[in-house]
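Here the chain labels run A, B, C and D in written order, and each chain numbers its own residues starting at 1.
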Amino acid sequence: MTTSEKKPLDRQTMCSRLAMEFEDGWIANLGAGMPTLCSNYDFKDKDIIYQSENGLIGYGPLAKEGEEIPNLVNAGVQYVTLRPGSAIVHHADSFTVIRGGYVNVTVLGSYEVAENGDFANWKTPGRKGGGIGGAMDLAVGAQRVWIAMEHVTRDGKPRLLKRCALPVTAVGVVQRVVTDLGLFDVTPEGFLMREIAPGYTPEEVQAATEAKLIISPDLKPLKVT
Amino acid sequence: MKNKVLNSFDEAVADIPDGATIMVGGFGPPGLPQNLLGALIRQGATDLTIITNRGDQTSAKANTGHLVELRRVKKVYCAFSASPHPSQASVFEELTESGEMEAELMPQGTLVERMRAAASGIGAFYTRASVGTELAENKETRVIDGKTYVLEFPLHADYAFIRAFTSDTFGNLQYDLTQRNFNPVMAMAAKTTLVEIEGDIIEVGGMDPNNVHTPGIFVDRVIKIPPAPEGLWTLPSDGKP
Amino acid sequence: MTTSEKKPLDRQTMCSRLAMEFEDGWIANLGAGMPTLCSNYDFKDKDIIYQSENGLIGYGPLAKEGEEIPNLVNAGVQYVTLRPGSAIVHHADSFTVIRGGYVNVTVLGSYEVAENGDFANWKTPGRKGGGIGGAMDLAVGAQRVWIAMEHVTRDGKPRLLKRCALPVTAVGVVQRVVTDLGLFDVTPEGFLMREIAPGYTPEEVQAATEAKLIISPDLKPLKVT
Amino acid sequence: MKNKVLNSFDEAVADIPDGATIMVGGFGPPGLPQNLLGALIRQGATDLTIITNRGDQTSAKANTGHLVELRRVKKVYCAFSASPHPSQASVFEELTESGEMEAELMPQGTLVERMRAAASGIGAFYTRASVGTELAENKETRVIDGKTYVLEFPLHADYAFIRAFTSDTFGNLQYDLTQRNFNPVMAMAAKTTLVEIEGDIIEVGGMDPNNVHTPGIFVDRVIKIPPAPEGLWTLPSDGKP
């Protein structure tokens, strides 16, 4: 492992790393913000079906400016396009898809993830309100809950924690996390670091992490293929 | 069949009393009943309870956030009670933090399922969403087949404000794409449903019964949106502010 | 009151007597068998919306022989016709209409009705099985539960009872009953006979009734107008 | 998108094991998957649990009543477990009265709501239907807002057999009129959904997304019914008995 090109991963690389593992035919729900970058990955022959909370099943890329279809937005209220084979349902049926276990993977952003699989992404300190949206339903309903987030806060505080400090979104549901420093699986023993941002050492990543990391014996540089 | 078409939004909302509970449809701009909201703002009803995905927004020409800013709302049931960006703190947040207005926050799937329960005569239901979070702290839970669920109760409303694309004069509705969102469920859940129509109001018999999205039996008042001046959206002709 | 034309009411008269009171715009669910005769009443300017459990809203008269539409049946599996303005929903939404209180009146057949508003129409003696269909949902969900049935069984036993002998369909929900001998409202004090089959005396009707009848001071011959 | 079209009913049902739980759609003839049932009868799976409106009928060319007569069903969840006419006692009734087969009878609205709960991740729900009747005797009840409700649990299934009019190759479905009935709910509730298509199977992209009645994500196998010989119904070409 070399430190020659030490640079945190960019957001597209982080999301592409998760998207790489999407399987053909999967139904995916991508949270607003960073997770939507997963759809930029080149899936080649794989067919991914994007689903959003507002009842849109099977949408395509973002609409080009000037080509927006007025009544067609995803859950992040971005104008998207229709793919052949798409379908529209109402909100209650959309959460049948979500809570009923039809979503193969959801990729969500988060403030914190804990080594027990808890995560916190709806409320920041000192505020009475918050924004839940579909996250709590996705967290308990999707077959896989994967998180994409920066490894530390803007103030440099760790986000991979022993226990969440913020109010949690769901308990024990996160299976995988990608950050700008690596790829981590949540295991019964805690965070297993499987891949690391090129140029970083495990010790450097651990120093930016509150939870104790288990370093995979097969630790590899994180790479998008 | 009964003709439910009214000619003005002001007429459509005229009887809404202070203290009414109103479901407001839409998810982002699609399906947002901004003309009905504009008329309600003019009408003056206050002390309202609003049930909607998020109540803080002032982004459309008339939105629930405007009613909140005018201090006409006492409680909001929603899935978003704060902007994701703390820098964009809204009047909604100020009022809930000061206690002048109440917000009951819940998962979006719980929000729509509580509406559906009200519509369907379901007394209560168990969902896994929010289990183990502070939202479930004072709620009844139950373990079913080894998983913990939280008990949730129906959300009833006096009125639903929704927007659809096409209606017949009896109120059979079709939505255009994601304009659908909460709207069909709200139409079923509320005692009185008001619909603004973006496209055409057609004669009874002109809609394929296989492709009616909301049956007219759930609809009470339909109003055609006057021609839009311009722009991506069909703007309300009478929206204010 | 004369006994000159003493004859039990026919089934169409019984059902028409109930249908007479349907109001313009009502949503009505008519049980299989006798209650469907309600739709033969001439409603003149009144518009009645028939709803059936299988998701059909706003259907018209029975299809003429040879003119059946293959995929269009009502809850009694009779071929019906479509009226302009009709709509199709799936079964779960259909029971939203029913349990959710949208049905203004349901007219059901029954084996027994009790003076406390209980009725029994799904199970006969000595059988393990029964046929419930939508009756239990209609009984608790419809705004008005009206019953049309013969006054006595084929063996001459009363059907208007103090308490149901058969397993009940619902408790305390029946508001009105028409039989071949008269029209009865269920009141907190018991059955109030409001109208009587022409030619019968109240004593004769009481003799065919287990429950004690309250005879309306305004008792009139039952007549369809 | 995945092509889910199979060419034969026998192929479609080949993997169904003994002991499977199968939802069978239809309400009267419309929407009844008689070709799939015919293939299942030929296939031989036994010890089945069937969830359907009524399980006693042998009126169509192949119906659940035939599986019952062949002693291949151990339990039926249904809203009718006996013919309304005692004179028409069926094998279904004989077997349930003798205890050879079990039938769990419930209100039709409860039946479909239990399917929907399974589909939607709802752990249980309260309904007023059956309160005070012998069906509620051993069930939990609860008073909510002054009314008594009974607690009901989800009905899950391994397979759904349904019938629709049009499909695309991905399994987006449209039903013709009352062919719809239980079918969309069963498609959502079962792990694997098999659909027989009365009309055409079209290319992906040929169906208006606004008017898809069952999204293809809920559908696993679609099979076109071979041309019908004659008659009011599209008869199964391979139905037996």
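We take it that a contact is a pair of C-beta atoms (placed from the backbone, for glycine too) under 8 Å apart; a residue touches a chain by one contact, two chains touch by 3 or more.
Treat the numbers as computed from the prediction; the structure is a model and nothing was measured.
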Chains in simultaneous contact with subunit B and subunit D: A, C
Gap in Å, rounded to a whole number, between the CA centres of subunit D and subunit A: 37
Approximate Å spacing (C-alpha centroids) for the pair subunit C, subunit D: 29
Length of the line joining the C-alpha centres of subunit A and subunit C, rounded to whole Å: 57
Sites on subunit B at which at least two other chains make contact: 113, 116, 120-122, 127-128, 175-177, 180, 209-210, 213
Where subunit A touches two or more other chains, by residue: 82, 88-89, 92, 95, 98-99, 140-141
Chain-chain contacts as defined at top: A-B, A-D, B-C, B-D, C-D
Of subunit B, residues touching subunit A in the complex: 27-31, 54, 79-84, 86, 92-93, 96-97, 103, 105-110, 112-113, 115-116, 127-135, 165, 175-185, 213, 232-234
Residues of subunit B touching subunit D in the complex: 113, 117, 120-128, 142, 144-145, 147, 149, 153, 174-177, 180, 209-211, 213
Subunit A residues touching subunit D - in the complex, by the definition given at the top: 24-25, 27, 47, 49, 51, 57-58, 82, 84-89, 92-93, 95-102, 140-141
Subunit C residues touching subunit D - in the complex, by the definition given at the top: 32-33, 53-56, 68-73, 75, 77, 82, 88-92, 95, 98-99, 118, 123-124, 127-137, 139-141, 167-172
Residue ranges of subunit D touching subunit A (in the complex, touch as defined): 1-2, 116, 118-122, 168, 170, 172, 188, 203-205, 207, 209-210, 212, 215-218
